[in-house]
Each structure stands twice: as structure tokens, then as C-alpha cells.
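The following blocks contain the structures, represented as C-alpha cells.
You will see subunit A twice below: alongside subunit B first, and alongside subunit C after that.
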Partner chain A sequence: MNPIILALVTVVLGVIACVTYFFGSNWVLDRIYPDTGPNAGRNINRANAVRPWLFMLPAIAILGLYLVYPVFNSIWLSMMDRSRENFVGLENYRWMIADDKFQESLFNNAMWLIIVPAMSTLFGLIAAGLTDRIWWGNIAKSLIFMPMAISFVGASVIWKFIYDYRGEDQTQIGLLNSIVTSLGGDPQAWITIPFWNDIFLMVILIWIQTGFAMVILSAALRGIPEETIEAAVLDGAGPLTVFFKIKIPQIAGTIAVVWTTITILVLKVFDIVFAMTNGEWGTQVLANYMYRMTFIDGHAGRGSAIALTIMVLVIPIMIWNIRNALKENA
Partner chain B sequence: MASLLLQNIAKSYGTVEVLKDIDLDIEQGELIVFVGPSGCGKSTLLRMIAGLEKITGGDLYIDGERMNDTPPSKRGIAMVFQSYALYPHMTVYDNMAFALKVAKMPKAEIDQRVRNAGKILQLTDYLDRLPKALSGGQRQRVAIGRSIVRDPKVYLFDEPLSNLDAALRVDTRIEIAQLKENMPESTMIYVTHDQVEAMTLATRIVVLNNKTHTIAQFGTPLDLYQRPENTFVAQFIGSPKMNLLPGTISAAQDTTTTIDVTAGGVATVPVSAAGLPSGTEVQLGVRPEDFVVAQPGDAVIFEGQASYTEKLGEVTVVYFTPRDGEDSVIAKIPGIADVSKGTQLSLTASPDKLHLFDASGHSFFYK
Partner chain C sequence: MLGLAGKSPALVWVVNLSALLLVVLWTIPTFGIFVSSLRDRDAISTSGWWTALSASEQSLVARAGAPDDAQQVGGAWVVAGSVFEDGTTGDVTAFGSRAQDPTSNEPGEPLVLRDDGVLEIAVNGDYTITYADQPEGRRGARIFYTTEVPPTVTTENYEAVLSSEGVAQSFLNSLTVSIPATIIPILIAAFAAYALAWMQFPGRIMLVAIIVGLLVVPLQLSLIPLLKFYGVVGEAFGVSAKGYVGIWLAHTGFGLPLAVYLLRNYMAGLPREVIESARVDGATDFGIFMRIVLPLSFPALASFAIFQFLWTWNDLLIAKVFLGQSDNQMVLTGRLVELLGSRGGDWEILTTSAFITIIVPLVVFFSMQRYLVRGLLAGSVKGG
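Here is the complex of A and B:
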């Protein structure tokens, strides 16, 4: 069968199955607890207690299958050897802790974790604060937000051209090198310079995430009651005092949510490193190292151990983030 | 503790004029109320005095010093906003201390001022709380406290009671009146659309006209009630609004003028319309509460059939079937009157309670 037709049929059948499930299960529930007869009131209450579970059941089941099961499977795998057949206990973890490349990844991840969320939030806040005051602010906002629409790999390709290096005696096509050479400097192979290459990779993610931070913070800034700002002006506060003492504290919750959301994203950073350096020249990060271990070296046990490390690091931030977001909405 | 002088103040947004020809001479210690219907520019005028809106014409003087281009914080004013505008992330104490901290006042003096204001406003037990843990009335008091600590020359209030429920509004109104009594030196300007607030609080009231964008009248509350300069003020102050009965002059003597009311009825008003020929169109103003049921022998000003009555116990409000193109005539009769739909009534009023306006709405009293 033509694959397009097959796909269409699958979609239609899937939708029909969903509709049938929700209508059908609801119908059955109404038959079991009819809203008429002697126990109508009690039946309605019982049906209402059951109904949410009925409707959420498919989602819970699918999430369980694709999220919870892999976690346990990873835990199991992380205690197996390369062949995935022999149980080795905590051997993979022992290897991991002693491994130079893992330590480098952990250190790099920590650097990413400190620099990227801080800079993205800072630039986002500055952009949000400034674009609200100028007539071409919306155009500027669109431009700053646009990188959000580019995939990480796509962004990496763009930045590869910026950092590009073509040997000492060739014409430099990289934007950065052409600026450097036009100013009389020597071209550099930017992404091979230890430590600084890390920063150059982070710039890409900051470039992408600033737009996200800006949009959320801009909405938060607009939500600040205008009268509190006028009151502060009457109280003698200058623009900087108003910004730092009146505006920022009122959007502190949103800043925290933006910060932690980017933090979680950073912990999982993979694509950029994969596309730019593949972890060479001291730029390895956990997610890329996990991929490398599992699929290049073919050692799923070690890969899983690294994966679980990432998960353990993400969970507390995640919980804090969700709590903050809930508090914002309350 | 200051006098204010507004000379020819105007405000326009592009070509749209929202205020013009505003001349006010406000003395130290007055409580001036700006009142008027929605869109008359009363809040805009207040915000121009505060410096939150640019003055596009005329001059503003505080204590003789021209303030048009002085930044808001240097004008010696403090403002209480309609929404209170408390800083939500600061405690009551910090809310009140903020302006003083910005001004780099010594800590000990800040503390003394804030605690003093807290005591005046009964906020001492709440100084450590955040605004969200306060009731509406308490938030209102914090907003006032934020002004008091700065000891400004002029207090500005922008509809400060409109977010409170009815009972609290009455209490807070009295509190503001007492606050003013305790600070007889300070000058206050108060914006409201509620004429009861205006009448009870003001030393003088500024009524702004939303059609002409000018001052309709500037005077004491009782002046506005007893001697409105024009039909706009006449109908704005007092509730229900003053009845305006069209009529013509039948005889203009030196000290009195006799009017033939078009709807039937005669009235003699103790003002002079000397020089005007009989037949000149005028409007006779009678407040609903000034109407009394005519006894035999009285000159009847108005006669009509009740179309609707409201018995409030204290008074009975009677609405009469309106004539074509005119408003319903309303009478407020004391007590529970034996009037219902269809009752025929003849009304009169004491001559000194009558108002007479020319066809364009100006009072003859001021001619």
C-alpha cells in the first residue's frame, strides 16, 4: 500500500479509536451509575470521582510505557556489561567516576549550567526592558525571538560558518575570522581553543534562548501594574531604582521559572556539541558522552549510567521549577 | 503646606482637547475636590499637578514656584492612587519607607516617621505584613501612610475610595475628613465622581464639564447646591437631579421675574431679568426635594400625573409622565405620601428655592 494512504488510514483510525474510547467509556460509566433512580445523587458523585481517571487512563498508560518503563530499564541496563547479558553491579558507575572524559563532561556541564541560564535570562531581561520603550521594539523582539524557531542543529550549522577556519594561507570565510583578519589579527581555529571553545558553543545556546527569556519576561513586565511604577516615580525613584527595586522584585517568580527552564534544557544539551565539535578539544558534555558510549562505543551499560546521572541532576530542578510555576499561577 | 495656582492650564492629546482654560487659585490648608462625570478630565488634571502627565498649555505654580517642567518627585506632592499602588513585594513598613530611603534620609528618622504614620493610621500591628495579607481598608491606609511620611506640601487623592465596598467607603471617608482636621495646614486635592464625597469633604469643589472640557463652577459645596452657575452644575449636584422646566418670561420686574411654565403653571423668582422682553425663553430649575404639594390658593408651578413612585420610607420619590422631548419631572415628598401611579398632583415651591437659567443654561443669579 502507498505509505501516504497507510499513514492517513492510521491517523483516521487512531482518532476514531480515541473518540470511541472516550464516548464508550463514558457511556458505560453512565450505565453503571445512572443519574436517575433512587440513588441518583450518590451515583453522580461516584461517577464524577471515577470519570477523571477514566479519561486520563490512556495518557497515564502511554506515559508510563514511554517514560517510566525506560527509566527502570536504564537502571537495569546500567548494571550490565557491554554484551548486556552479564550483571556487573555498580562496575559501570565505578568506571564512570574514575573516567577523565566523564569528569570533563561533568565540569563542562557545570559551566554550561552557570553561564547559559544566567546570560540568557540577563540578555532576555535587558531586551524585554528596552524593547518596551522604543517604537521599533516589536521588530527587535521578532528578530531576537527568531532563533527560537531554528533547530539546535540548524543553529550550529549557522554558527559553524561564523567560527569557520580555513588554514593559515587560505581565504577565511568565517565571519569571526574575517573580522579578526580585517583588523589585522591572525585567523584562529576558534572551536579548538581549549576553554574558550566551550564559551563559543555556549554563545549559540544563549543566542537561541535569549528570545525565550525575553518573551516570557516581557509579558511579565507588562503585567506589572502601571500605578506602582508611577508611585515609585512620585517617591523619587530614578529609572534604575524603578527597574531594580520595583520591577524586578515583582517579576522575581517569572525570572526563576525562566532560569530553571533554561537550566533543565542546558543539562540535556547535546545537539550543539554533537554538531560543532562532537565533544573533541575538551568540549564534551554528559548527553553527548552518553550518546557516544551507547551508540559509538556500543556500551549501553556505561551509557545508561551517564543517562541516570543526568536524570538525577535534572529532577530536583524540575520539581523546583514546577513548584514555582504553580505558585505563579496561584 | 502650600498654595497652588493654576493659570490657563490646558491639556490636549494631538488635536484632541481634554481640558482648557483651567484657572484655579487654591489656598494653603484647603481640601479641594475635583468632581465631574466620566471623561471630564478630572484625573488628568490631578495627574498634571502630580507631573505624571505633561501640561500642554498654561502654568502651574506651587507656593509661587512654576512647576510645569519640575519632575514629579521635586514638586513636594504625594499621591494616593485609586488602586493604592502598593509595592506588592515590600512590607507595610518598607512601602512607607521607600520614598525616604530613596531620599537617603537617616535610618533613625525614617523609623520614627514610619512608626508615627503607622500609629496615626492604626497600622502598628501590621508593619511587617505584605500588602496581600491586608484588607482593602488597611491597604487604603497604607497608601495614605506612604504619603504622610513624606510630609508633602500637597496631598493628591485619585478616587481613593472607589475600590472599597459601600460600608467601608463611608468609614474611610470619615477617616480622611478626620485626617484633614488633624493636619489643618496641609493642602489636599481629591478626585472623585461621587458627589457625596465631594459635598462632605471639600472646602471648595471644582466641577468639570465633560462637554466643554472647562470648569463649570468653582465654589463651596453649599454654593454649588444653592447657587449653581449653570444648568450643568445644577443637574450634576444633587440627587435626583434638578428639574428644568422650560418656560417664558411673562413679567420682568426690578427684583423679581415671573415665569409662565410651558407645561402650565406660574412661578415668581426673586432674581432680576430686567431689560428682557416678555416671551423670552428661560428654564426654571426646581430641585425634587424643594417641591411641596400645593395647598388651595398657592401658585401652582407644576401639575401632573404620577407615572411611577419609589417609597423609600424617609421620602417618596414621584416620577411624572414626561412631555415630548423633556425629562421626567421628579418630586421628592417627605415621608410616606399617599401617592401611587395615576395620582394627580399639584406642586409648588418656595420662591427662594427656585433657580432661573437663560436658554443657554446660565443662571440669572450671576448676571
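Here is the complex of A and C:
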């Protein structure tokens, strides 16, 4: 069968199955605990105690299987050898700590973690500040936001074209080398220069994430009460002072949210490195190394250990998010 | 806020120019591959895409007719023809008779050849070589000339890529993955979100906290355990572990935390009176959900749908792990990575394929940006 027809049939069947489940289970519940007769009051209470769990059962089952179980299974797997049969204790972790490529990945991830969220937030803030003051701000916002819709792989092709390198005697068709040669410099194979190639890969993610930061920060900037700004202006503050001393402190919470969101994304960055360099020339990162270890080298134990490293790095942000959520709902 | 900038014209200019610079920087990369995808192979590899609108210069060589074939015209012998006889076109901007100096003369400017013939070329490529006496020789003179070819737009890259590189099939495969992977989680999440927003039961806040925690669990952690699980299930049912059902459910699982979180936040903000009064009128939870909450939650449903569609369409990792590498399972992102490896320098293939992969998300993005922004503002703790 043509896959696209299969997909559409699945959608229809899935919708019918879901509706049947929710409707059917409710109907059954109402039959078991009828809201009439001698025990009506008790029955209604019991039905109301069960009903939420019927509504949540599919979601809980899927979340359990796809996100919760894998965490614990990964911990177990990370203590197994290549064949996944023999228990080796902490051997994979010992290997990991001593491994050069792992250290390189950790170092590169740390660089990504420092540079990408900072630059995306900074550019996002600048873009938000500028576009809120011009009459064509919405068009400008749309265009800066656009890379957000582009896949990391698509973005990698777009930027690989910009970084394209040809021999010195040839016409440079890559934008970057063309600019460099027109300024009198020598063309470079940018993505093979250690250290700097990391920066060139980060540019891609910054390019994508700036729009996200801009949209959120722009909304926060507009939410600042006018009075605080007017008061500052009456006291003689210039536009820059107003921006840094009045506006920034008031949106500090939002900046933190943007920063952590991009941080989590950065920890999991895979596609860009995979498509641009596949970890060559000193650009390896944890997510790509995990993929390589598991699916190319075929060592699920070591792969799991690397994946758990990413998890451990995410946990502080996770706790922070949970605490905020509990505070809001308390 | 606007008033501050409006006071000083200089500041207005600075703000406008800075914004323009930012917009140009952010759009030029995408614009570059779009322009390149419309240029032909030779043009892409000989000049930068930013020159696409200016005419491109080419240096070519043609061989004139043999002196033996010269015709007597009046008192002289003339060899005539056109340098474009081989099918090339354009305007001649310069010509010469020696390889060392191929641009010595301009059209209309006569050039004396080594055998005393006088060569003249018009802009349109017609040339004449005039001899005073009857010339001899079987080989015609070589003419070096430079032409300016006007810029051309071609769709042949798209035709080539869609017909031969498997991109068309991958396009369908991507749709096959994305559509169910967008709709299934919405259905499941909507019910759970309603329960978490409007039903009273012990442990509700705890569950919300768990969902928020699950938002940031790296999916790298899930790959091996799930692949193992799929292997067991596939074996039990005698089907391959890699297939569309598996990836639909995987995307559902990874998208659910955000779906539940977004929808719960939105539903919890609906007016309490509407729901309470329906309850007083005897409506069941199921009825309230279907008739009141679901229709009112349309903006949140749309926000999540756009997120999930963009995410599943643009995903590479999950497709690489849970789908096979055969033609009828490879999605667009996977195809693009493969082409990047196998057709590394063929930019006419790469730029065109890249543009095909991003066109659907761009259309979705520009047509539904409002909902996307709303979703972002509501769910900005999500890690992506």
C-alpha cells in the first residue's frame, strides 16, 4: 500500500480508536457505578475518583514507555558490555572518562553551552529592542524568526554553501570565502580549522535560535509597565539607560527561561554536527558521539553511558523547571 | 517606548538601519540557496550566486572557416560565418587571435591575422575575414572571444532532483511520518490535559510536575531501550522493527509532554463559570470536554499542531534510528544528509534538495505564525 494512504487510514483509525476508548470507557464506568438507585451518592463519588485516570491512561502509558522506562533501562544498559549480556559494572564509565573523544565532546559541549545561549539571547534582545521601534517591525520579526522553521539539516546545507571552499586559483562561490578574498585574504576551508570550526557550527544554531529568543523577549518587553519607563525618562534617563537599567531587570525572569530553553537544545545538538563534520576535525559533541558509539560502533553500553551524561547535565534545569511549576500551581 | 526613539531623527535612522542589517544577515543564507537552486550547474560552479542577476562572462574559442573556402566578393576574398555556430549565445564583448591575448580587440575593430587576413566581428557574433589575394589553407584561423551571457532562470534542477534523486519519494515519506505523528499526540494529550486542568483527584499537582520534568528528558536516552523493545514486539508479530507505526508512536511519546503541558495551561485558563454552569446543568465530564473545552481550546491545539508538525518534519535523529534506509522509508532530512555525503560538491543538487525540504515548513510557518508565536509564549520551558 502507498505509505501516504496508509498514513491517512492510520489517522482515521487512530481518531476512531481514541474516541471509542474515551467514550467507551466512560460508558462502562457509568454502567458499573450508575448515578441512580440506592447507592447513587457513593457511586458518583467513586466514578469521579476513577474518571480522571481513564482520561489520563493513554498518556501515562505512552509517557511511561517512551520516556520514563528508558531512563531506568539506560542506567542498566550502561553497565553492560558490547553484547548487552554481561554485567561489567562501571567499566563503561571508566572507559568514558579516559576516552579522548569523550573529553573532546565534553569540552565542545561546554563551549556550545557558553556561546550559543549567550549569543542567541543577546541577538534576540537586540532584535526585539530594534524591531519594536520601527514601523516595519512585524515584517522584520517574521524574517528573523524564519530560520526557526528550517530543519537543522537544511540549515547545515545552507551554511555549508556559505562556508564552501575552493582552491586559491578558482572563483570562490562560498559567500564567506568570497568576502575574504575580495578583502585581500586567502580562502580557507573553514570547517576543517580546529577550534574555529566549532564556532562556525555554532553560528548555525545561533542563526536558528535568535528568532525564538526575539519573539519571547519582545513579548516580555511589551509587558513592562509604561509607568516605570516614564518615571525613568522624567528623571532624565536616556534610551540606553532605560533599556539596561529599567527594562532588562524587569525581564530577567524571561531571559532566564530563554537561556535555559536554548541550553537544553544545545545539550542535545546532533543534526548540525552530524551533517557538517560528523565529529571530524575536533568538532565532536556528546549527542553525536552517543549516536556514533551506539549505531556505528555498535556498543550500546558505552552509548547509554554517554546519553546518561547528557541527562545528568539536564537535571539541574529540570529541577529548576519543576520547582517553578510547583510554585505556580501551589 | 516609541516616543523615545521618535524624538531624535538620527536615532530613528540608526534603529532602522541596524534592524535592516540584522534582517539582511538573517535572510541572506536562505536566499542564497533559493537563488542557486534556480541557476544551472555551470553558472553555480563558475560564479557566486550573488552575481546571478549580472551577466556572466565566458571566454571561448571558435575556429573560422578554411581559407580555401573563401568566396570572391568584389575585389577581395572573404570567409564569413558566426562564432555562435556551435549553439552558444550571447553578446561578444572582446576578441583576439592569440591565446596569450584573447581580448585584444573590441567588436567592430579590425584585427590583422598572421596570414594577412583582416578579421572583423560584430557584437552578434558574425565575423568576416577579408583577404586581398586568394588565400590558401585547409585550417581556419582560431578566434578567441569573450561573451556576455544574460542571466537565466531554470527549473531544470528541480526536474532533475524530483525525478532522479529519490527526493520526490522522500517528500511523500516525510508527509507519511508527519501527519499521524502530529494528530495522534493531540488526541491523547487533550484528554489528559483536561483531567489535569479541571478534574479533582489526589496527586494532580505531582503529575503536572512530572510532565514538566519529562519536557527536558533528552530523547537520546530513549533510543536504545525503545529499539530493543521494538525488536521484541516486531519479532512477536513477525514484522520489521523499523516501520512507520513505530516512528509515529515514538514521535507521539516525545511530543506528549509538551502537548499535555501546553494544553493544560490553556485549558486551566478557560473561564470557570462556563464549566461550572455546564456541570450544574448535569453535563458529564466527557460531555463538557467534547462540547465546551475542546472547541474553546482550538488556538492551543493549533499551536501544538504546528510545533509538532515542524518538529517531526525536520527531525533527523528519530527517523534515522526508527526507520530503515530504503527508498520507501527514507525521509527528506535523511535524504539530504545522504546527498551531502554522496554529492558533496554538486551544489545544484544540494541547494535544490535543501529548498524542497524547507519549503513545506516555510509555508506552514508564514501562514500560521500567529499560532506558533502564541504556543512559544505559552510553552517556553520546552527544550525542543
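Points to keep in mind about this one:
Going forward, the second predicted complex is superposed on the first by the 289 of 330 C-alpha atoms of A that agree within 3 Å, B and C clash if a C-alpha of one lies under 4 Å from a C-alpha of the other, contacts with A are read in each partner's own complex, and residues count from 1 in each chain.
Definition applied: contacts are C-beta pairs under 8 Å (C-beta built on N, C-alpha and C of every residue); 3 or more make two chains touch, one makes a residue touch a chain.
Bear in mind the structure is a predicted one, so any value in this text is a computation, not a measurement.
Applying the stated clash criterion after superposition on subunit A shows that subunit B and subunit C can sit side by side.
Rounded to the nearest 10, the angle made at the CA centre of subunit A by the CA centres of subunit B and subunit C in the overlaid structures is 100 degrees.
By the touch criterion stated above, A:Met79 is placed in contact with neither subunit B nor subunit C.
Of the two partner chains placed by superposition, only subunit C is touched by A:Thr171; subunit B is not. Of the two partner chains placed around the shared chain by superposition, subunit B is the only one that A:Gly236 touches, whereas subunit C remains out of contact. In the superposed model, more residues of subunit A are touched by C than by the other of subunit B and subunit C. Of the two partner chains placed around the shared chain by superposition, subunit B is the only one that A:Glu227 touches, whereas subunit C remains out of contact. Within the superposed three-chain model, A:Leu122 lies out of touch with both subunit B and subunit C [touch as defined at top]. Of all C-alpha pairs linking subunit B and subunit C after the chain A fit, the shortest spans 8 Å.
Common to the subunit B and subunit C interfaces on subunit A are residues 233. Subunit C meets subunit A in the complex at residues 1-2, 4-5, 11, 15-16, 18-20, 22-23, 26-30, 32-33, 36, 44-50, 172-173, 175-177, 179-180, 183-184, 187-189, 191-192, 194-196, 199-201, 204-205, 207-209, 211-226, 228-229, 244-245, 248-250, 252-254, 256-257, 260, 284-286, 289, 310, 313-317, 320-321, 328, 333, 336-337, 340, 347, 350-351, 353-354, 357-358, 361-362, 364-366, 369, 373, 376-377, 380-384. The part of subunit A that touches subunit B in the complex is made up of residues 225, 227-228, 230-237, 241, 245-246, 249-250, 252. On the subunit A side of its complex with subunit C, the touching residues are 2-4, 6-8, 10-11, 14-15, 18, 22-23, 26, 30, 48-49, 51-53, 55-56, 58-60, 62-63, 65-71, 73-74, 77, 123, 126-127, 130-134, 136-137, 140, 142-154, 156-162, 164, 171-175, 178, 207, 210-212, 215-216, 219, 226, 229, 233, 239, 242, 257-258, 260-261, 264-265, 267-268, 270-271, 274-275, 287, 290-291, 294-295, 300, 303-304, 306-308, 310-311, 314, 317-318, 321-322, 324-326, 329-330. Note for the complex: subunit B touches subunit A at residues 50-52, 72-73, 77-79, 81-83, 85-90, 98-99, 102-103, 146, 150.
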